Structures are given as structure tokens and as C-alpha cells.
Amino acid sequence: MAYKDDQLSEEKVFKDPVHRYVHVRDRVIWDLIATPEFQRLRRIKQLGTTHLTFHGAEHSRFNHSLGVYEIVRRILNNFKDREHWNNEERLLCLCAALLHDLGHGPFSHSFEKVFKLDHEYFTQAIIVGDTKVNEILEKVSPGFARKVADVIGKTYEDKLVVSLISSQIDADRMDYLQRDAYFTGVSYGHFDMERILRVMRPIEDQVVIKSTGMHAVEDYIMSRYQMYWQVYFHPVTRSAEVILSKILHRAKHLYQDVGYTFKLEPIHFISFFEEDVSLEDYLKLDESVVQYYFQLWQEEEDEILSDLCERFMNRRLFKYVEFNPNLQINDLLELTQLFMKAGIEPEYYLVVDSSSDLPYDFYRPGEEEERLPIHLQMPNGSLKELSRHSDIVESISGKKRTDHKLYFPLDKLKALTDNGLKQQIMDILYGQGESRKNVN
Amino acid sequence: MAYKDDQLSEEKVFKDPVHRYVHVRDRVIWDLIATPEFQRLRRIKQLGTTHLTFHGAEHSRFNHSLGVYEIVRRILNNFKDREHWNNEERLLCLCAALLHDLGHGPFSHSFEKVFKLDHEYFTQAIIVGDTKVNEILEKVSPGFARKVADVIGKTYEDKLVVSLISSQIDADRMDYLQRDAYFTGVSYGHFDMERILRVMRPIEDQVVIKSTGMHAVEDYIMSRYQMYWQVYFHPVTRSAEVILSKILHRAKHLYQDVGYTFKLEPIHFISFFEEDVSLEDYLKLDESVVQYYFQLWQEEEDEILSDLCERFMNRRLFKYVEFNPNLQINDLLELTQLFMKAGIEPEYYLVVDSSSDLPYDFYRPGEEEERLPIHLQMPNGSLKELSRHSDIVESISGKKRTDHKLYFPLDKLKALTDNGLKQQIMDILYGQGESRKNVN
Amino acid sequence: MAYKDDQLSEEKVFKDPVHRYVHVRDRVIWDLIATPEFQRLRRIKQLGTTHLTFHGAEHSRFNHSLGVYEIVRRILNNFKDREHWNNEERLLCLCAALLHDLGHGPFSHSFEKVFKLDHEYFTQAIIVGDTKVNEILEKVSPGFARKVADVIGKTYEDKLVVSLISSQIDADRMDYLQRDAYFTGVSYGHFDMERILRVMRPIEDQVVIKSTGMHAVEDYIMSRYQMYWQVYFHPVTRSAEVILSKILHRAKHLYQDVGYTFKLEPIHFISFFEEDVSLEDYLKLDESVVQYYFQLWQEEEDEILSDLCERFMNRRLFKYVEFNPNLQINDLLELTQLFMKAGIEPEYYLVVDSSSDLPYDFYRPGEEEERLPIHLQMPNGSLKELSRHSDIVESISGKKRTDHKLYFPLDKLKALTDNGLKQQIMDILYGQGESRKNVN
Amino acid sequence: MAYKDDQLSEEKVFKDPVHRYVHVRDRVIWDLIATPEFQRLRRIKQLGTTHLTFHGAEHSRFNHSLGVYEIVRRILNNFKDREHWNNEERLLCLCAALLHDLGHGPFSHSFEKVFKLDHEYFTQAIIVGDTKVNEILEKVSPGFARKVADVIGKTYEDKLVVSLISSQIDADRMDYLQRDAYFTGVSYGHFDMERILRVMRPIEDQVVIKSTGMHAVEDYIMSRYQMYWQVYFHPVTRSAEVILSKILHRAKHLYQDVGYTFKLEPIHFISFFEEDVSLEDYLKLDESVVQYYFQLWQEEEDEILSDLCERFMNRRLFKYVEFNPNLQINDLLELTQLFMKAGIEPEYYLVVDSSSDLPYDFYRPGEEEERLPIHLQMPNGSLKELSRHSDIVESISGKKRTDHKLYFPLDKLKALTDNGLKQQIMDILYGQGESRKNVN
């Protein structure tokens, strides 16, 4: 039998708290899960530093990847005999679903910004590079790995296939909303996925939703909205991300600009500092390794590095106040100077962080980040863009909301001995009335 | 106000997927949670290697510790005005609950066996030693830290207090059964904790259960039984533990007996290899550090060490067959010789692992591991040991069940080129009929 | 001890699937639950005919009433020591919560419209009339029953007390959304009530929400929105309501206008037909009685009455099409004539039904149905109306949505022998293209 | 297309709180659900009087019947391509599953005992009699109705088919345990049905369980055990059943033996009193009708009948004490005499009620109520009876447990004016020490 058609003699299942069971019958999938590249996802948390806010959120990208695979498997089970669906694409979709996050590194967001990396690039690099994953995919058929990479990269020609993995209502989002809700324990994130799966219909170039399922989709979009603001952008999590970024900045700066000598050479980090990361280097850097160095660096002589690492490891986070960049830019300049006067380096200890989300968007052709809208299939077969049919979605559609916060180490401020200076800083941060109780 | 009575101005809550919310009002508790020693528990998984079997089980001991605290808090809320309960002991109980697992290290079970450690010793050492935790406890009152340690060590004189933390139906067990069930996703582990809490009654020297709550307790004991055999002793998890133990054995052996030179000196491990571990050394060794070394050791020259580490990191586990030590001892001897002949060191690659559990025990005074039985309080006030009242508990009471399995690397066996030798081994492992399909 | 302070020797609990347990300690509450007037609520379904659409929705108003009581009990537990809260009002609130739906009759909506009744009137009548409930309340203190009635009637002077029972985020709504979601099994209706309860704050004249809880309130409002359109206004349920109304109309018409003789005198209904219902008559008419008569009436000689009853009992409902009263009024007139020609009385068999909901409203003083808005309490203590702070709520605030549907018995139409007439009717109902498949 | 193969153009679903969705594609099933005989099950509660103890338990047999159908549908989906399974039997199984409880009347247990009825007889009578259900089944093929009746009656020749519907682990039990747990809200009743369905295997004459699923089956059996003792045999529910039986006894006695004239002739009951019930009579007697009469009978002149009805309708139940028939038979005789002396008819007011359950039984051929044991299919294909493999099941296997309670109206006893007589009765019921607090 051809490898691509090879089935396990009995279906294997993984017990999954979100989808009850993840079912595997294709040997290709089974073999991909067993690769070192896929197993590595166990050492990368799905939500980075979120567990410092929601302690349950310790689940890994391995979990999520299995979940996305399972959702696509169920969708395709429903599509099997439908018009427009070419079942030859089945294995391609399953592989793309399973592997879509393969290139994520530890704390991706911060690492990517500081070291100018891109996890999507690495996902593709792992799939087409010299890896076990590639070896297995090429056994399916020569060129198959490339196709999987193209689906994930959204350049694959069959847009119906692409939309299963990447759209405003794809298997990726449906899994992470539910999974992240489950592990954090928040009550948002519930929607009737079983119903959504049942009303999904393949057409030529996309997956659409039977209009009778509109309310389930509304519910999904509201879940998404709540998860973003309640969980993903939680200001305490952002505080940990701010510190993390600053650690990476500082370490890179020490290595590149200052010629600082670390007590133990940070071998895993060097190619990152030098912004010349090979695939092999990249695959070695998981969260364990990062935390190992952060532990060591707590004992470095550089006070900024050791302080930031100690904060990260022991969750001594920065505090924050709301910040309006339009109105408060002068406050920020003044604070910068006062921090310098106080000997607290503003570059590392006074940070504006911004979060913004666009909960759902209709189609804006030609814009930077085009997003395919969700289409409802009306009883007469015509398509209607979701926000034209749903009041609720219409009301939040295309509206980007942005929040800014200013982060700083309140403990350091409280420890200042120059009371006048301290008071000046606190008055700006908290307003004159409020500052007193925070000072003491 | 005295520190011990200091209350936060507003109650703080942690969102918890198992108990919905964990509530903190006492400043002492809040401060303990913020210590480095307690935050370290975030880097130690509650279930060690279980996530290699049940991928959801990635939760940490930090999670569980908060949960135990919360359960005790709820129990004491109910006890507040009850006879026999001295509310002066409240804070002591809460601290003991929160800190009861503080001394756990990474993968405790295997580490303790190989390096002759004891997490209970370290729990006490952290509490009474030179630590932030100790500093906070001593601020409550001099000697308070010692009392907390005694409660956890079961030597505290007020046995009622001890029984809240350690008995056959204590807050510890009630939390982990539910929590581990939640994160693995298995359907065992459900019982009506709210009802159990409501029927708990303090008497002089223990917590007893109003007899009307007997069925809820039965359900709890059955949950425990199922969780042990379905989750905690799962043979795939045991396989990972076997490999883990063998890694530690090998590394220690190389360091102590052979004078092997590691590519990078394993500084975090040396005091472990030498069985002379200070508190400071101990606190530094979390799971990130262990995994960091295991990653490095994949590239060591020693083939056994590198092979075992690669297996652990990439989840290439050993396979297993049932093993009966009474009947199959000769098989084992023969296999040992055949493995040696095949160049596969049996010391590392042929391992018998045994699991055993005693789901509930009545009182056996004087035995090695005395277990306090669960007492029901009958309507007339008299006490009755649970197994005398419950048919189901009676049926499993005092019955120790043990399972033995024999672990080995099937891949290595399949790769043997001496077909006769291979066949001999397989015939013993799988029986003559079955072996053929495993060979191919 | 005064009756009002009398406590049960042990707390009693009711197992509740929604709130886990309902707790009762006050003897007054315990005694109220045991009255015939309260037990009668077991024979009245919470959602009338909804179980004909969602088969799980068979729960009674008894369930819901206990739930509302329990929520208020929990709120007051939190309020106990808060400023502005006068704990003397506790028992009053609990009684009002428990009894707020006491005057509901079977299938209230239809009965009230046809027989010009008002369940709120009867709630008050039962509380202040010659009933067991009244007897118990008056034992608390003379005039106490009147106070309870006033709280439910919203005329009680302490508006804080009133707002616990009746506002846009009161215990009533929080219970029914969750309970109806639980029993129907829909995935809407989840929100974090525990959090909402924790951020509720009493002020002089109302309950407000700490602004940190805004997202939980948003989630509650979205749940409400979804429950209305997905469950409460489900067109299949409306179809059953249409038939029910028409049964009552027909029976009343036959009795009042025609002098029709029923096979068995409908003694329970006579005062309803005559629109002169005493409290005693009202209390006797529960759902069992109504269904008893509907069963009998299936065998009445009047064909319309027997047909409608048979439809209701055996769930042979009317079909429906969307209807736009502005554009389709002529269609309706034409259909009326065609139905008459076909011998199908349009008065009973061609019905427009309208549903409309206002998911949340800001304050519109002086309007017919004033609704108190939800106020957020900002960190500085000021109040802000919810829709000014929440984008999502703003977007649906004050927007009334109305749906109209036209109901008719498709089976009767299909059975017409005059094919031309049949075709004419179908063309209007379904449009010329679509009608064909419905005819056959 | 043949009627038996006719499929709905789109799958229809029922939202179900237990199984999420019930799926229907076969027109035969759709048509059966729409029959008056099946719709009638909406007016019969699944758990009779249990809602007087667990207020959530108001769900009907209609609910449960859909659930059993859905489970069988899922099982057969798994069986489709398995050896031993003849897919020709599919529709037969689905119909039998859906209709297996069709003959249940209101409060079956009590009605059957008092009026010597048998719901299994009526199930068959409805299926093969002059009904809509029969009409539809006969359209499938002549004689098909008889086959369905035979499967339900366990006389059908293909024992594999029978065992799906009736065995110690059949779809019926799996549904009711979960459903009754859901609606009562108790935490028992959870087991991993999805896993059990996945390990079910058809063999020639029965459904067996792959041995790897043993623990899920253990969990199911424990659920069953707990549900029986915690829910089904709850003494408060039994109290309501006792009163119900006595109402029926009294009414029958008045009609048959005394020639009593009811205020309104109990037309629906007459054939029951005369023990000559036609199918038509039987189908008319649903719970609404019964409650209608009980309401009327509250105003009958016969004091016993009116008192018992008033108790039932208003939940003024009997109290109970434990009763040991071996030791306390003399107490009972004495109480009987004392009750007579007190003017409280012991025939109606002093009742011993016994509950007993056999949680699991191995095979006892030839015994009165043979129960087919559950067989595990071992890895080598051989079968092993469950209790030989599972310690827990072994421990409760074949052990019948019986409980006896003595019921009486405590209020009537308290109201006795002869204090000596009252004291004598109370001393026997509660023991000399305890009686005092119950008297006052």
C-alpha cells in the first residue's frame, strides 16, 4: 500500500480535555506526531507568560496543534461527500493543520520583535528543511512538503484548502479559543462548535456558513472578542512580556554593544544576539533553555539584567497605569527625565505597551493585512457577508480598539530616598490625590 | 495591626479552572505566594512525565498548592462556629495547606530514588531554613514556621489540624484528584466535594464525616482508585519514568564511577551526584534546568546517556509486556543474557517496574505506614469506621494490588541483525505465536 | 425566639443542577416553600411550550423560584457588612425573591392575552390574600406580606431592595438565563455569575457594578440577547403559542358567543371565559388541568376546537414564512380571501405573530416601560451608565429588533383538492419558484 | 425509493443537553417521533415522583427515548463495517431503541402494582395494535412491527440485536444514568460513554467489551450503583410513591368495594378500577389526567382519599424510620394496634416500603430473572466475564442489598390529643430517648 494510504490497524486516540478525544488513523499523521520537531512543541507554552496571570494556562503548543488537527479531521468528515470538496486534499489539510504552528519558538512574540525573527518563516523552514518532518512528508509524494508549507503560508492555489486553516473562522481559532478558555478557567470561550461544524459548507474557493448557523457564529465572534481583552491582553501578562523583552534587549545589548562577559557563555543565544539564526539553532531554543539562562542571569553582575531576570522568574512584575499617547506625551518625557535623575534607567524601566484588536473585519481589498470575511450562505444559495446580516457583528466590525498602558517598577520607586523626587514621579503617575496611598 | 491579622483591603482572587476562584484575604498568604520558593513550583509539573501520556497534564505544583489552600479555606469557613474547632489555628492550617508541597523537586519520584532525597525533608528545610518563606512565617510569630513544618510533618500535637492536611480524605487528595482529572480530561475524578465539605465535622482529634454523606465519600474513594490505575500508574507514563531513572543513574555512574568528562560541566547536578545537596542547590534544580541538561546530553559521547536522553526528549519510549515475578524469573534471567549477547545493556534497557496501590485502609496500628481511617459520625454521635458501613469500601479496603511490567526498547530489538537472537528474545517477550508480528 | 429570627437546627439544602445547592436556614423560607401555593409552581413549566422545540426545557417555575432565592441569598451574603446595606431588609429580599413568580399561571403569555389576566396582579393577590403564604408572612410581622408584595411590584420605597429583584441585571434574569440554557442544552447562557456577584455593590438606591467587572456584564448581556433570539422567540415555539391562543379563543367564543354545549362542562374554565376569575379559581388552573381539557376537547364536535387541540397535544404545528407587515399587507388580505374560499377559517389558521426584544436600554425617563440602566462604579467612585463604557453594549443598546412571521397549517393546504386555489395560495406564501416543492 | 430507505433531504437534529445533539436522517424515525403515541411520552415523567426530592428531575420519557435512540445510532455507526454485524438490522435496532418505553404510563411503578398492569405488555400492544406507530412500522415491511416488538420483548432470534437494547450495559441504561444525573444535578452518573462505545464489539450473539475498556465499564457500574441508592431509592421519593399507591388503592376500594359516589365520575379511571383496561383507555391516561383527578379528589368527602391527595399535591409527605423486618415485626404489630386506637387507619398510614438492588450479576442460568453478564474480549480474542477480571465489580457482584423503611404521617401523630397514646407510638418509632424532640 502507498504510504499516503497506510492506515493504522486500529484507530489511536489521545484523550483531550477540550475535544474529548483526538482520533488518528493515518500512519502519516501518527509518524509526524512522533518526530522530534513536533514533540518539541511540548516545551513551548501556548500562551507564553499568561500563566503568570491565569495559573491554569500552562498548556503547550503541542496540545493546541493536536486540537487543530482534530477539528479539521471532523470538518473533512462532514465534507466527504459534499459537492466542491475534493477528498484528495484530505491528507494535505490534516498535515497542514497539525503542523501549522511548528515554527513557534519560546515566548514567540517577544523573541520575534527583539531578534527580528518570524515563526511563520521557521514553520516553512522546518517543513521543507532537513528534518524528520520533511522526510515523512516527502514519503507521501515528492513535493508534498512544499504543498503543506504553501497551505500554511496561504499561497497554495486551492483557496478552499487554505481557508480551512486560515480565515476568520478557521480550525486554528476555534481550537485556541476553547482550549485557552478551558485551561485558564474563564467562562468566555464557549460557543457551539459542533453546530458550526455542521453548518460549514465548502464552495469553490472558501468555506461558508449556512445562514441558519449565524447565531453560533456570532457567539464565536463574541468569544473571540472577550478572550482577547480578558485573557490575551491582560495587563499583568503584558507586564511579564515587557520584562521579558527588556531582558532580551539587555542581554543582546551587553553582548553586542558592550562586550560584556557572561559568567557562563550563553551558547544557545549567541546566534540570536547576532541575528543569524540557523534552523538547528532555532530548534534547540525551547522554553526550558530560556528559563535555564534566566536563572543563571539572576546572578550576573549587570544589575539591570539580573534584576529583570529575578523579576521574571519570581513574578515580581511591573505595575501599570492607563496611558493616553495623545494627551500624556509630555508626562512621559517628564517621567523619563525624573527616572534618569533617580538612577532608574527609563529604557528598561519605563515602558509603554499597546494592545489592539480588530474583532472581525469585512473585506478591505488591497490593505496591508487583508482578512477574508465570513460569508453566510442564504437559503437561496447566495452569499452574504456576515456583518451585513448580524447586528452584533456589524456593531463591532472593522472597529479597531487600542489600549495603551505605562509600565514601571513601583517597588523601586517606593524605595527612593529622595522624597521630593519620589513624590513628583508618583504625582504624575497616579495624579496628585491618588499618589499618596501608593507611595506609602 | 499585628501582621498575622492583617487583611488585604479587598479580597484578591485567582481564577482557577477547578475551584472557579481561589480567594485570598490574609496578607500572610498573599506574601507567601509571592516568594521565590513558592513561585518556583510553577516550574515543576504536578504529574511529572504524565503529560507524555495525557497531553493535557502539563499543570504545575503551583496550581495544586493554591487548590489545597482554597479547599482548607472553605473547610475552615464551615468550621468557624463549630464546637471543637479553635479558630486560632486557622492561619496555621492555611499556611500548612499552601506550603505542603514546597519541597517537591523536578520529577520527584525518580530523583528521590536515584539520589536518595526526600521531598518532605526539603519542604521542612525550606520552611525553617534561610528563605523568604521562613522570613514571612516568623513575622507571624516567632516559632510559627516550626509549627507549620510540624503540621506538614504530622508531628504537630493538635491532630485535628494535622488531619485536615494529611489523612485518607484530606484537602490534598481532594484537590489533586479533581485537578488531575480536569487537566488530563479523563471522566474519573468527579465527586461531590461541596457535599463532602458540608458533612465534615471537627471532633477532638480528627475530622469525621456525618454518616449522611457516606455515598459522596464512597464516590471519592472510587475516583481515587480509578485515577491511580488509569492515570497515575499508566504504563506509558511508567515507561517515561523508567527512562528518566536510567538517565540519572547513568549520569551519576559516569560522574562518580567512571570519571567521565561531560562536554559542559553539569554544575547543577554535581551535588546530586555526590549525594550532598544543600538547600540552595536543591532550590535551583527545577524542570527547566533538568531539561536543559537532557538536551545537552543528547550530544554526549556516551551512547547510553545520549540515547536515553534523546528518547526522553523526543518521547521514543520503551515498550512493555506484563510480567509476573513469581513465574517469569527465569525468563528474565534468560533475557538478561540474550540482551548482553546482543550488546544491549540490560542494566539500562531491560527494566521491571512495579506499581501498587492500597485504595483505602482501615486502621492497622503499629504498621510501617499507618493510615488513619475515615470515620463516619452516626446520627447518635458515635463513630464508625467507613469500611464497616460501606459495602463498596469494604470490598476494596486493605487490598493492595500490584502490577509488574517489563520494559525494553523494541526499536533496538527490531534493529538486531542476528535474526536467530532476535527471534529468541521476541519469543520470550511475546510468546511464540505473537512475536512474529512484532518483529516485522 | 421571634419567628422571623427562627433558624433551622441544621441548614437544609436542595440539590440544584444550576447552582449546585440551594441553601435554606431561615424557617420562614422553609415554611413558604412548603405552602400549597408555592408547590403549585411545580405544575407550571418555566418556558411554557418551549419544550416542543427544545425537548429538555421541561423544568418548572418551582425550579426557577428556588434559583432566584439562592442568588439573592448569595448576594446578601456578600453585602452583609457593606456600607449602604441594611441587613434588616434581608428576610424581605429573600421572601420577595422566592415569591416573585407566584402568580404565574399555565402558559401565562397566551392565557393573559386571551383572558385579560395579569400574573403580577395574581402574585400580589396570593401574597396579600387568604392563603397559606400570607399566613406565614404575617407571622413575621403584621404588614410584612404587603411589603413583600410592594417589593415585587416595584413600589417599595427602598429602591436598593427593589433593584435586587427587578432591574436589567437582577437575580431573576441571572437565574433564568442560566437555567433555561442548562435545560435546553444550548451553549448560550454562560456567563461568570460568581464574578458578577462579587463586583455588585449596594449604593443608596440601587445595585451597581464595579467597573472591573464590566466584561462579565457584557457577557451576560450577550447571553441574554442570544437566549431571546435562539430560544425564547424560536419560531417553532411561537407556532405552538399561536395554536394555544387560538384554542383558548375558540373555546371562549364557543362558550360565550355561540352557546355551544361541551361534552363535559369545562368547570375550571368558566370563570376565565367570563373574565371574572377569583383567586381560588386561578390557583386551581395549573398545566395538568389545561392539558386534561385539551385532551377532552380533541373529541369535541366543533371541528376547529378539536383540530387545534389535537395539533397542540400531538405537536402537529403550523408552518411559517417570514412576513413583512409593511410590504406584504396586500398578500395577507389576498390570502385571507383565498383561505375563506378554501374553507379554512383565516381567523384561526392564518396568523401573524411578532416577537421583539430590546436587549439593553439606557435610561429613558417618562417612557412607558422605563428600564433602570446598569451603572458601573468607576475606580474614583463615580457612576457611569454601562453603554457609555462598553462598545458592545453601546452597539445594541436601545435598538429594538422585531420579527414577524406568518403561520398556517401546511398540511391542510396540501390537502386541498382545488389545485388552482392551492397553487395560488402556495405562490403567495413561498414565491412562485419555491412553492412547487412545498406543494408536493 | 422504498420507504425503509427514505432519507430526509437534510439531517435533522434535536438539541439535547446530554448528548449535545440527537441526529435523525431516516424518514421512518422522523415519522415515528411525530406520532401521537410517541408525543404522549412528553406527558410522562421519566422519574415519576423523584422531582419531589430532586426538583430538577422533571424530564419526560420522551427525552430519554430520543437519547436511547441516539446512543444506538452511534453504536451502529461504529459497527457499520465490523464483522458479525449485519447492517440490515440497523433500522430495526433504531426503531426498537426509540420505542422501547412506549408503553409506560404515568407513575408506572405504583400504577402497575395497584392495577396489575405491565408496561411491557402495553409497549408491545401499541406497536402491534391499531396505532399510528404500527401503521408506520408496517410501511417499512409487513411484519416489521412484530419484529420491533420482539426485539423489545427479548424474544427476537438475533440475540446480538436484543443485547443492544437490553443487557447489563445497554443503550437504555447508559442514557438514563447520564440523563437522570444531569437533570437531578447529582455528581454521580458520569462515565466515559464515548470510550465505552468505542470498545464495544459485536460478536455472534451479543455485544462485548474490549478488555482495554474495562475501567470505563467499572465506572459505569459504580455510577449505576450510586444512582440507585442516591437517587432512585431516595426515601423521600419512596414516601411520595407510598402515598401515591395508597391513593390508588383507596380510590379503587371506594369504587369497587364500597360503591362510593365521586363528585365527578372518574371516567378515565374506571377501566383501571375494574382491571379491564383497553389500549385506548391506557393511552388516554397520562400524568396530566392523573393530577387533574388528584386535584379534584382533594375535595372528596372521603377523608382518607382527600387527605392523601392533598398530601401528594402539596408535598406533605410521610416521615420514615429504618425498619428491620426480622427484629421489629412485633413493633409493627403493636404500632398497628396503636394506630387503630388513635383512629389513624394503619392500612393507609403505616407502610413498610422496601427497595433492593443487584448492581451487577454474573450469569445464573435458570433463575427467575436471568441477567446476561458483561463479557470482556481479551487481547487473544477469548471472552471473560467482567467480575472475574475486575476486583471492584467482583466485590459487588451478585450481592443484593435491601433496605426497609417504615412510613407514617408524623403531623397526624403530633396532633393526637391523647398524650399517653402519642408517647407510646413515638417511643416505638424513635426509641425512648429520641422520641421527645420529635413529639414537640
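Note that the chains take the letters A, B, C and D in the order they are written out, and that residue 1 is the start of every chain.
Rule of thumb we're sticking to: contacts are C-beta pairs under 8 Å (C-beta built on N, C-alpha and C of every residue); 3 or more make two chains touch, one makes a residue touch a chain.
Just so it is clear, the structure is predicted and the values come from calculations on it, not from any experiment.
**Q** Have a look at C-D versus B-C and report the one with more C-beta pairs in contact.
**A** Looking at B-C and C-D side by side, C-D shows more C-beta contacts.
**Q** Name the chain whose C-alpha centroid is farthest from the C-alpha centroid of chain B.
**A** Max centre-to-centre separation from chain B belongs to C.
**Q** If you average the CA atoms of chain C and of chain D, how far apart do the two points sit, in angstrom?
**A** 32
**Q** Let me have the rounded angstrom distance from the C-alpha centre of chain A over to the C-alpha centre of chain C, please.
**A** Centre separation, chain A to chain C: 44 Å.
**Q** Please compute the C-alpha centroid of chain B, do the same for chain C, then give the distance between them in whole Å.
**A** From the centre of chain B to the centre of chain C is 52 Å.
**Q** For chain A, what residues touch not just one other chain but two or more?
**A** Where chain A meets two or more other chains at a single residue, that happens at 20, 186, 195.
**Q** In the complex of these two chains, what residues of chain A are touching chain C?
**A** So the residues of chain A in touch with chain C come to 186-188, 190-192, 195, 215-216, 218-219, 222, 225-226, 229-230, 391-392, 394-396, 399, 401.
**Q** In the complex, go through chain A and note every residue touching chain B.
**A** Residue positions touching the partner: 14-18, 20, 34-36, 39, 42-43, 51-52, 54-56, 58-60, 62-63, 66, 182-186, 284, 286-289, 291-292, 295, 313-316.
**Q** Over in the complex, which chain A residues touch chain D? Could you list them?
**A** Contact set of chain A toward chain D: 13, 20-21, 194-195, 198.
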